[in-house]
Every structure is written in structure tokens, then in C-alpha cells.
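Please go over the structures that come below.
Next, two complexes with chain A in common: one pairs it with chain B, the other with chain C.
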Partner chain A sequence: MENERFARLGKSTMRHLAMEARETLQRLADFPDNPAAMSLFYQFFSALFTGNHSLPEAKPIIGVMCAQAPLELIHAAGATPLRLCSGAYAYEQAGAEFMPAKSCPLVKATVGMLHVNRALWGDALKSVVIPTTCDQKKKSVDFLTDMGFPVYALEMPPAKESDVARFYWQESVKQFALDLGGITGRKITRQSMRAGIGKVQQGSWLFRKLHELRRTDPPLLLGKDAMLVTNGWFLMEHDSWCAAVTQLIAELEQRRKNAMPAGKRLAPRLLLTGSPPVFPNLKVPLLVEQAGAVIVTDEVCSSSRLLYDAVSYDEGTLDEMVGAVADRSLKPCTCPCLTANRDRLRKIMELTEKFAVDGVVYHALAGCLPYEMEQRQVGKALSAAGIPMLYLETDYSPEDLGQLSTRIEAFIESIKARKRRK
Partner chain B sequence: MNSLRRAVNKLNLSRFRFYFQMGAFLLLVYGGYLAINIGDQLPAFSCVFNEQRGGSCYLMGFQHQMALPWKQLFTGRGIGVAIGLLTFIGFFLLLNKAWCGFVCPLGTLQDWITMLRRKLRIRYSTYGEPLFRKLSVIKYVLLALLILIPMGMGNSVFGLPRLNEDFSVPFCMICPGRTVLPLFNGDFSQLAIDFSSRTKMILTALGMAVTGIFLAGSFVKKRFFCLFCPMSALHYLFAKAALLRLGKDGAKCTRCGNCYRACDVGLRSIADDVTSKNMVKDDCMMCLKCVEACPEEGCLKVSFLGLPVYESTEAGFFKRMGKRANGK
Partner chain C sequence: MKTYFAGIDIGSTTIKIVLVDADEQQVGDLITPSGSHFRRNTTTAFQALLDRHGIKRQEVEGVVATGYGRKLFREADDVVSEISANAVGARKLGEPHDSVRTIINIGGQDLKVIALDENGNVINFVMNDKCAAGTGRFLEMTARNLEMEVDELGFCHALATGAPLTINSTCTVFAESEIISLLAHGHGKAEVVAGIHYSIARRVGRLAKRLGIHGAVFFDGGPALNSGLVEALEDELMQPLLVPEAPQITTAFGAALLAMDFCRAAGE
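Up next, the complex of A and B:
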């Protein structure tokens, strides 16, 4: 009886997932002059979500549930990192069984995804790494363990400024490095660690180049595409992601020469901050850009926070490199789950200036309390700097599309009017 | 000009610094053979006890001058003292704390000991930041003593009897520069305890102990001795006016801590302070490893008289780190 219900749930979820993915991809492609190289990403996501949602070929796979988990270590242990954070409404509904109605859709969807796919992924997923960041991720440790997944709770401090917090996190990451060796059967060595850091650094270098191309006026790449590219980072195989992004960068460089920008010349330049938009939930970036604005930069953990910061080490001993990787994922972090998060305000202000931003879209997933709570202080800082902000509280369901698009259009019109007055 | 600047910013500065230090070491330790003397008021430990030196450390002359009776300071001899101090300041302002990071033979020696440890694949030890702040007081105490003890020799302070002549140049007696640098010219005579008087015995025994601590300490902790260096304390009094500067644009800083981790003397302000413009703090020796480790475009900047010399760039950072990922 229970099994039958589970099988039915699995089937209907996969059907809904495929529909949802197809629709988002349709909307992504439905812009004039998308870069040809973007089709590599459209195809990847289409293949992944419209068939069976299967795991990558390269084994062993270590799933991670947060940008805080240092990928360098996973690469160094000879495993493939896979991001588990899900943006699918279909999975969210499957996860609703485990979590309260008002909790975070992202965590709900991730739990739902693992629940639905546990038979399919069971053995291939060697570990599910959950950094103890926000409360909801902390709590999912228990649900997922009960489901039978090999969960690894990576202990993270609630603050980052003090020496105590830094050493706590470093110790926790060092222990993770040791344990990873046991999980994958390949011990992390000096050489493999250096190569692991090199891999992530390569990604970060490509991301920074892309970042720079979005800064031009008018920008060369739309935010909805940039989001998809960074979403691909955790899901695609490392080399194919790098190859695809290199191709995209080359094409955008060419477009720069031919003066072929992505947005209209006077399109409002917006910054997106807040909860992470993860495919297929690209609702907000899509609505914003369909309304004629361009998201030129972002401060979200599925994009710039994930790839921007780069590790450096001095002497290159294993101990030092692991510590350096730990620092990279804690010290520059601007996640609102940390107390004293002034760095987030500084980062947003720096980005608004550097990218000549006209306005900010603050995206909060309903139930993602840390982001909802920081809305006020971010809004205050921005209004002091004379930059308008639109606060959107939404979830994965398509129900509020109409209401959202009205608000977004009004916001963009008001920015356009401001720009004309100037 | 711009392409030159870009090329400079991509430099592996540590390698340049290694050769510069080597050159400075040769000049200051062996310069005497070529009759070179670049000055007697150098803001670096080019020890006077080393016969073949190419210039002299200011501290020895300074301690001698401090031993003058106060009355004489207001006569013609006072002009000599003032000129000495001004020459020292002049030298110092030119390079700022880079005297420590690029020139000082004792600093270079510590960096070589670090390299040896690195070759032996022994990891360095790290300490929490509060400890450093506590230790940084010691060098000011030493600076005060190296002024007050000679003064006590030349004058009767508060009616106390004058200190005896054996207290002459007290800091030199405990400085590892005196014992170690002459060794490079085959002079082992300083490596001994002087039993001619009780004062001398205590001072030279302390000197031997400090030498041992210097060698062992710098093997474990990068630039160990620099934390206690009274020359560094004297430097810092004038550092705000120096021509060579290390500045920071706080808005660009992500506080990732790369610079803090690279810092041999553990200055946390380099990573955490986003308001100060001047980053040369108390213990800083301007080795500029922080600039190399910074991935933010134009966040950390070295300038001379306001002209940019070297600054952190994205391209430079990724070039340097990319090479290391490939095992170079």
C-alpha cells in the first residue's frame, strides 16, 4: 500500500518535473539573440530534467546541500561533487510531507527530491554533505538520515569574525578532509589537494571573466543565462562546464567587437540579491528580464557567492591548503545565517557601484527566514544611497506569476522614468 | 605605460624579493671587501661587529649617543646626534618598512631558515592574533631600555649612581645580529660569553641565549625575531610619513583573509580593516606577500610618492596561483 503510493508519487513527480523544466527552458530560449553557446546549457538541463533525473556518469558522487561545502576537497578526494539544492516545484510538493507548510521551498524540494529518487540514487550517492548553516538545513540532517542516506553534517559556526569561529570551521573542514578519504577510498594528498584547488580556481577565473562581460554597458549577457551557467557549475562535469563557459566567453567577446549587446541600450541595470534562484525556479530573473530590465550582477549563493572568491596558499602544505579552503568558504561568505553580516551590505554597495546598478531586486523565498529578516537593513542602506529596491517574497509555485509581474513591471517603469529624468 | 604596469602587476613578487634580499645581504655583509659603505645610520641590522659590512646599523651609534651626558646634547655634539637621527629618518622614509622585508640581513636570514624548513616539509606553526598583539609590546620595552640604559651611564638619573661602562651598547650585546652576521665572514669571536665583568657576563650570556632562540624560533615561526625588534619599533614612529606606502581600498575588500594567511607576522588588520587607508602597521615588514595573495582588482596597492608601483589584480593573482596548481 505504502509502496504503491510511493511509486505513484515518484511517477507523477517526474512527469511534473519534466513539464516544469520544459516550460522554464522554453521561456529561457524565448528571448531574441540568445548566445549560440547557451544552447549547450539549455541542452544539458533539458536532458537532465526531462528524462530520468539521473546522476552523473563519473563516480563516486558526493552530494552537497550548500555553497559552503568546499568543493576543492571533494575533487581532491577523487569524487564528483553534485549540488543537491533543488529549485523544482514538483520536488517541493513531494517534500511537503516532511516539513512544515511554511518552511523553505528549497530545502523542502531537496528533501523531496532525495525522497523520490532514493531507490534510483541509493548506492551511487556516497555521501550527502550538509553544512550546518540555516536551521532548515540543520534539521534536514535527521530526515535524510532516517531516509537511509549517508548524511555528513559539516559543522559550521554561526559567526565568522572571531578567531574561535575561524578555528572551529578550520577544524571541522580538516576532519571532513580526513573523512572524505574514507568515504571515497582515496586519501587526499598534497598533490591532489593542489589539483583540487586548481580545478575550482579555474571555474572561478572563468566566472570572473563572465562577471566582467556582464559589467559592460550595455551588458553582453542576460542574468537569466548567467544564472543557468552558474547552476550548471555544481551539476555538470567539471571539464565540460569549463569548455562550455570558455566557448560562451569567446562568443561574448566576439559580440562585444560586433557591438551586439544582450539588453537594450537604456535598459535598467539591476542587481539580484537574496535567496538563490535554482533551475527550474528561474521565475524572478525571467520575469525581470521579460519586463525589459537586465540583471547585470547578483549577490546570491547559487551564483556570485559560489564562484567569485578564490583561494590562495603560501607554502602549500596539505594542512595549510585545507585551512585555506576552509577560510575561503567562511571568511568572505555573506550568507545571512551568519551573525554580524555587515559584509553583505558592503558587498551589495560595492557591486551597485562597480556595475552602475539602477535598482535592486531582493528575492526572498517564503520560509527562508534569514533572507526575509535582512531585507530591512539592506533596504535601508540602499535607500540611503538613493538606489530603489523591490522586495519580492515568493515560492516555487506558479500561482503568483501574475501578481509578481505587475509589481516587477511597475518597478522597472519607475526606474526608467528616473533614468529619463536624469 | 599601462602595459608595463599590467606586466609588473602580474609579477611573482616573492621571487623578485628573494633575489633583492640576496643582493642586499651580499652588499651589507660583504660590501666592505669592495670598500663599499652606504651609510652608518641604516635602518636595518647590518651589524657593526661584522668587519666587512657594507654599511652600519643605526642602533649602535644611537646607543652610544644616548650615553652622552645631557649637558653635552645641547652643545655642538648635539648637532651630530641630530644629524645622525635625521640621516636615519631619511634612509627610512625612502623605503619605509620595506627595509625589514627587503634589506635587513637578519630578516633575510630568517626567511632562509623558513625556506630550509619548507624544503624539509615541516609545517609552520600558527598562533591566534591576540597573542601577537600582546607580544608586540616587547619591542617598545626594548627600545625604551636601549635608550634609558645608556642614559643611565652618562647621567645620574634621580640621583642614582651612574651605570658602569660595561653596560655600553646593551642592545647590541643581546642582538643576534652581533653573534650571527660575523659568522658569514668566518669571525666566530662574538659567539662567546665574556667573563671579564659580571655585567658583561650577563649581557653576553643573554646574547647567546637570544641567538639560540633566534635560530630555533625562526625555524618554527616565520620572522620570529621581528616581533621583538626594537628597530621595528623605532621605524614605526616615522612610518606614517614614509614615501613607500601600502594602501587599501576597503570597499573592494571581501575580507576573504587570503592576505592575513599570507602574512608572516600575523597582522589581521590587513584582512579585517576596511576603513584605514594605510596598511603599514606596527609589525608589518612590507614583504608585500599580501598584495600577491589578493584576488581583488586594485584592493591592495603599493605606491611611492603617490605613484602606483605594484597592486593586486585579478589577472596577476590567477596567473600566480594557476602556476602553482600545475606544480610549479
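Up next, the complex of A and C:
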């Protein structure tokens, strides 16, 4: 009885997953002059979500449930990292039975995804690493353990500026490095650590090039595509991601020479901040760009925050490198789960200036209280700088598309009117 | 040849069309139910309005569509969101009285508050996100429950002698059962109607407080025809409202003015 129900849940979830993935891909492709290299990403996501949602070939796999888990260590331990944060409405529905109705759709979807795929993924996922960031991720530690997953709670301090917080995180990460060796059976050495850092740095270097290409006026890449590229970083196999991004960068460089920008010359330039959009939930970036604006940069943990920051070390002892990786993931973190988060305001203001931003879209996933709560202070800081902000609270359901598009269009029209007056 | 501009507001309940001439004067307007074939009904209605005033289609230089169904009417030269169109229309209509800084609009399926700066530009707005609670559709449903027409609600409100009754929910479905139970307890229809108006007004008041109310407040959309609702809102917001003579067509009027703007900008 229970088995039959579970089988049906799996079947219907996968069907809905394929439907929503197909629809999102259709909407992503439905823009004029998409870069040809983007099709590598469209194809990857299509294959992953419309077939069996299978895990990467390269084993062992370490799943991570947050951007705070340092991927360098996972590579160094000879494993493939896989970000588990899910953007699928179908999975959110499957996860609803474990979590309160008003909780975060991303955590709900991740729990649902693991629940539905537990038979398929059980052996391959050597660990599910959950950094103890927001309350909802912390609480999922117990649900997922009960489901039979090998959960690793990576303890993170609730602040980042004090010495004690830095020490706490360094110790957590060092312990994690030791434990990873046990999990994968391959101890992290000085050499493998250096190689692990090198791998992530290669990704970060490519990302920074892309970041610069979005800064041009008019920008060379739409935000909806940039989001898909960074989403690809946490799902695709390392070398194929690097190859695809290299190809995309070459094409965009060529487009720059041929004066072929993405988006219209006078299109408002927007920054996206707040909760992370993860495929297939590219609802907000798609609506914004369908309405004629361009997202030139973002401050979200599924995109720019993921790849921008570099690890720096001098002598290269193992201990120093692990510490440097810990610093890389704590110091620049601007997640609202941190107690004092003024650094986020600083980062947003810096990006608005650097990218000549006309307005900010603040995306809060309904149920993500920390992002909802920081909305006011961000809005206040932006308004003092004369930058308008649109606050959108939404979830994975397609129900509010009509209302959202009206609000987004009105916001973009008011920015255009403002630009005309200037 | 005279030139005209048209604004077409395709709402969830009704289609509103306004024609203006080159001096921004309203030449004619038409309101018709949206029905299920938005595009066909819009085309027919537009032609009917032109015929009524003896205007040829070629004399209409620009057409701007707005409202919920704006993207379905492909014959339009441009589309604009109802928030921008509403702001332009309300600002223009409010001119003779006072400069409008806040607009409250209640439509068939949504409810919004728009804040304007001193020059009439939209600076912020809030609207209900998901459901039609407390909107025109809600008023229609409650009128049906009370076995009266929606345009009788205002009159009925005025008949209330006792205090308005408490209606806790502005959700159409839940309010229905509240209304039925109030009637079953022997309460009068007029007090129920007043209660409904105050419950909507409170909801609008909450929304408006999120933006802050400045300057003159303009109230439009079909439900602004309801004098009972106007009174309840004025009480709730503790200030008088500017209600235009034809509150249903301000957004279409704004779209027509924008059509003129766009044509002039393109001509320059």
C-alpha cells in the first residue's frame, strides 16, 4: 500500500517536473538572438529534467544544500559536488508533507526531491552536507536523516565579523576536511587540496569574465541566461561546464566586436537581489526580461555570490589552504541568516554603481523570513541613493504570473519614464 | 483630417474604450462586458464606438491597450500596464481639483494603491497578489447572495440604521457563508451591506498604509460608483476622496493620452 503510493508519487512528480522544465526552457529560448552557445545549457537542463532525474556519472557524489559548503574540499577529497537546492514546483509539492504550509519553497522542494529520488540516489549520494545557515535548512537535518540519507551538518556561526565566529567556522571546515576523507575514502592531501582550489578558481575566473561582459552598455548577455549558466555550475560536470562557458565567452566577445548586444539600447538595467532563483524557477528573471528590462547583475546565492570570490593563501600548507577556503566562504557571505548583515547593503550599493543600475528587483521566496525581513533596510538604503526598488514576494507556483507581470511592467515603465526625464 | 487617439482597457470584467482628440478632450467612450473572447469583443466594440461618432479607423492615429487582457489585442500600437495608464488618467482628471498623489483603484479582480510624485510619475504601488478578495468580483458575488443588483449596494448601504455588521473575511467564498449566517440570525440586509463595505475599506486601508498616503486621494474603478463603499473608504482613510464622474474609464482615458504621447514622441 505504502509502496504503491510512493511509486505513484514518484511517477506524477516526474511528469510534472518534465512539464514545468519544458515550459521554462521554452520561455528561455523564446527571445530573439539567444547566443548559440546557450543551447549547450538548454540541452543539459532539458536532458536532466525531462528524463529520469539522474545523478552525475562521476562518483562518489557529495550533495550540498547551500552555497556555504566549500566545494574545493569536496573536489580535493576526490568527489563530485552536487548542489541539491531545488527550484522545482513539482518537488515542492512532494516536499509539502514534511514541512509547514508557509515554509520556504526551496527547502521544501529540496526535501521533496530527496524523498522522491531516495531509492534511485540512495547509494550514490555519499553525503548530504547541510551548512547550518537558515532555520529551515537546519531543521531539514532531522527529516533527511530519518529518510535514510547520510546527513552531515556543517556547523556555521550566526555572524561573521567577530574573531570567535571566524575561529568557529575555521574549526568546522577543518573538521569537515578530515571527515570528507573518511566519507570518500580519499584523504585530502596538500596536492589534492591545491588541485581542488584550482578547479573552483578556474570556474570563478570564467565567471568573472562573464560578469564583465554583462557590465557593458548595452549588456551582452541577458540575466535569464546568466542565471542558467551559474545554475549549471552546481549541476554540470566540471569540465563540460568550463568548456561550455569558454565557448559562450568567445561568442560574446565576437558579438561585442559586431555590436550585437542583448536587449535594447535603452532597456532599463536592473539588479536582482534576494532569494535564489534556481531552474526551473526562473519565474522572476524571465518576467523581468520579457517586459523589456535587462538584469545586468545580481546578489543571489545561486548566481554571482556563488562564484565571485577567490581563495588566497601564501605558503600552501594544507592547514593554511583549508583555512583560506573557510575564509573565502564566510567573509564575503551576505546571506540574511547572519545576525548583522550591513555588508549586504554595502555589496548591493557597490554593484549598483559598478553596473550603472537603474533599479533593483528584490525577490523574496514567500516563507523565507530572513530575506523578507531585510527588505525594508535594503529599500531604505536604495531609496536614499535615488534607486527605485520593486519588492516581490512569491513562490514556485505559477498562479501569480499575471499579477506579477503587471507589477513588473509598471515598475519598468516608471523607470523608463524616469530615464526619459533625465 | 482630424486625428484621434484611443485607449483600450481590457479588464477581467469589462472592456473600456476612450477616444480623445488632439486637444486631449474625450470624444466618446464605451463600456462592454469582456466575455470570453477578449480579442473579438474588443474589435467589435472599438468599431461600434468609431461608428457611433462617425470616425474612420484611419483617423485614429494611435491605439494603446492596457489592462489584464492587454496582450491579447494585437491590433494595438503599444501596450502599457494598467498602473501607468491609471496614473496618467487620474492625474489629468484630478487636475482641476487638486494634484493627485495617491490613487486607489478597485477593479474586477484586483485592488491597487498607487503613489505618485509631485509631477505625477509613479513612484511606488502595491496590489493584491493572488486572489480577488475585496474586489469588484467580490461585490458582485455578495450582491447576488443578497438577491440584489450590484448598483443597488450603495443605496442599500445608506439605509443602514444600526452599526455595520462585522464581516471578517473579504474572501468571496468565506464571506458568503458569513453573510448567510448573519441573515439567518435575523440581521438586516442594509447592515450586512454596510459591513461588507467597511471590510473592503479596512483591507484597502491596510494596503494604503504600506505605501503611506500623500496629497489628494483619487478613487476609481467600477466599484467607485458605489456610494456606500466611497463613504466607508473615506471613513477608514479619514479623508475625502476625489471620485470622477465616470470612474470606470480613467485607465482607458490614461491609455488614450499615452497613445498621443507615444505618437508625438515617435514623430519627433
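Heads up, the rule we're going with is that the second predicted complex is superposed on the first by the 422 of 422 C-alpha atoms of A that agree within 3 Å, B and C clash if a C-alpha of one lies under 4 Å from a C-alpha of the other, contacts with A are read in each partner's own complex, and residues count from 1 in each chain.
Here is the rule we go by: a contact is a pair of C-beta atoms (placed from the backbone, for glycine too) under 8 Å apart; a residue touches a chain by one contact, two chains touch by 3 or more.
Predicted model, so just to flag it, every value in this text is computed and none were measured.
Peer 1: Would you mind checking whether chain B and chain C clash or fit side by side on chain A after the superposition?
Peer 2: Taken together on chain A, chain C would fit alongside chain B, as the superposition shows.
Peer 1: Under the stated touch criterion, which partner chain does A:T406 make contact with: chain B (first), chain C (second), both, or neither?
Peer 2: In the superposition, A:T406 contacts chain C only.
Peer 1: What is the contact status of A:E353 with respect to chain B (first) and chain C (second): first, second, both, or neither?
Peer 2: A:E353 contacts chain B only, not chain C.
Peer 1: So after the superposition, what angle do chain B and chain C open up at chain A's Cα centre, nearest 10 degrees?
Peer 2: 120
Peer 1: Contact-wise, after the overlay, does A:M260 reach chain B, chain C, both or neither (first, second, both, neither)?
Peer 2: A:M260 contacts neither chain B nor chain C.
Peer 1: Between chain B (first) and chain C (second), which, if any, makes contact with A:L235: first, second, both or neither?
Peer 2: neither
Peer 1: Counting only touches as set out at the top, which of chain B and chain C does A:K331 meet: first, second, both, neither?
Peer 2: Once the two structures are laid over each other on A, A:K331 reaches chain B alone.
Peer 1: Which partner does A:P388 reach: the first (chain B), the second (chain C), both, or neither?
Peer 2: Second partner only, chain C.
Peer 1: In the overlay, answer first, second, both or neither for which of chain B and chain C A:A417 touches.
Peer 2: After superposition on chain A, A:A417 lies in contact with chain C alone.
Peer 1: Could you tell me if A:A18 is touching chain B, chain C, both of them or neither one (first, second, both, neither)?
Peer 2: So A:A18 meets neither chain B nor chain C here.
Peer 1: Counting residues of chain A touched by each partner, does chain B or chain C come out ahead?
Peer 2: B
Peer 1: Quote the smallest CA-to-CA distance from chain B to chain C in the superposed model, rounded to whole Å.
Peer 2: 28
Peer 1: Report, in rising order, the residues of chain A that make contact with chain B in one complex and with chain C in the other.
Peer 2: Chain A residues touching both partners: none found.
Peer 1: Name, in rising order, each residue of chain A that touches chain B in their complex.
Peer 2: 161, 163, 166-167, 191, 194-195, 197-199, 201-202, 205, 208, 308-317, 319-320, 323-324, 327-328, 331-332, 343, 346-347, 349-350, 353
Peer 1: Touching residues of chain B toward chain A in the complex: what are they?
Peer 2: For chain B paired with chain A, touching residues are 118, 121, 123-124, 128-130, 251-252, 254-258, 261-262, 271-272, 274, 289, 292-293, 295, 314, 317-318, 321-322, 324-327.
Peer 1: Report the residues of chain A in contact with chain C in the complex, numbered from low to high.
Peer 2: Result: residues 388, 393-394, 399-400, 402-404, 406-407, 409-410, 413-414, 417-418, 421 of chain A touch chain C.
Peer 1: Touching residues of chain C toward chain A in the complex: what are they?
Peer 2: Residue list for chain C touching chain A: 68, 80-84, 110, 121-125, 127-130.
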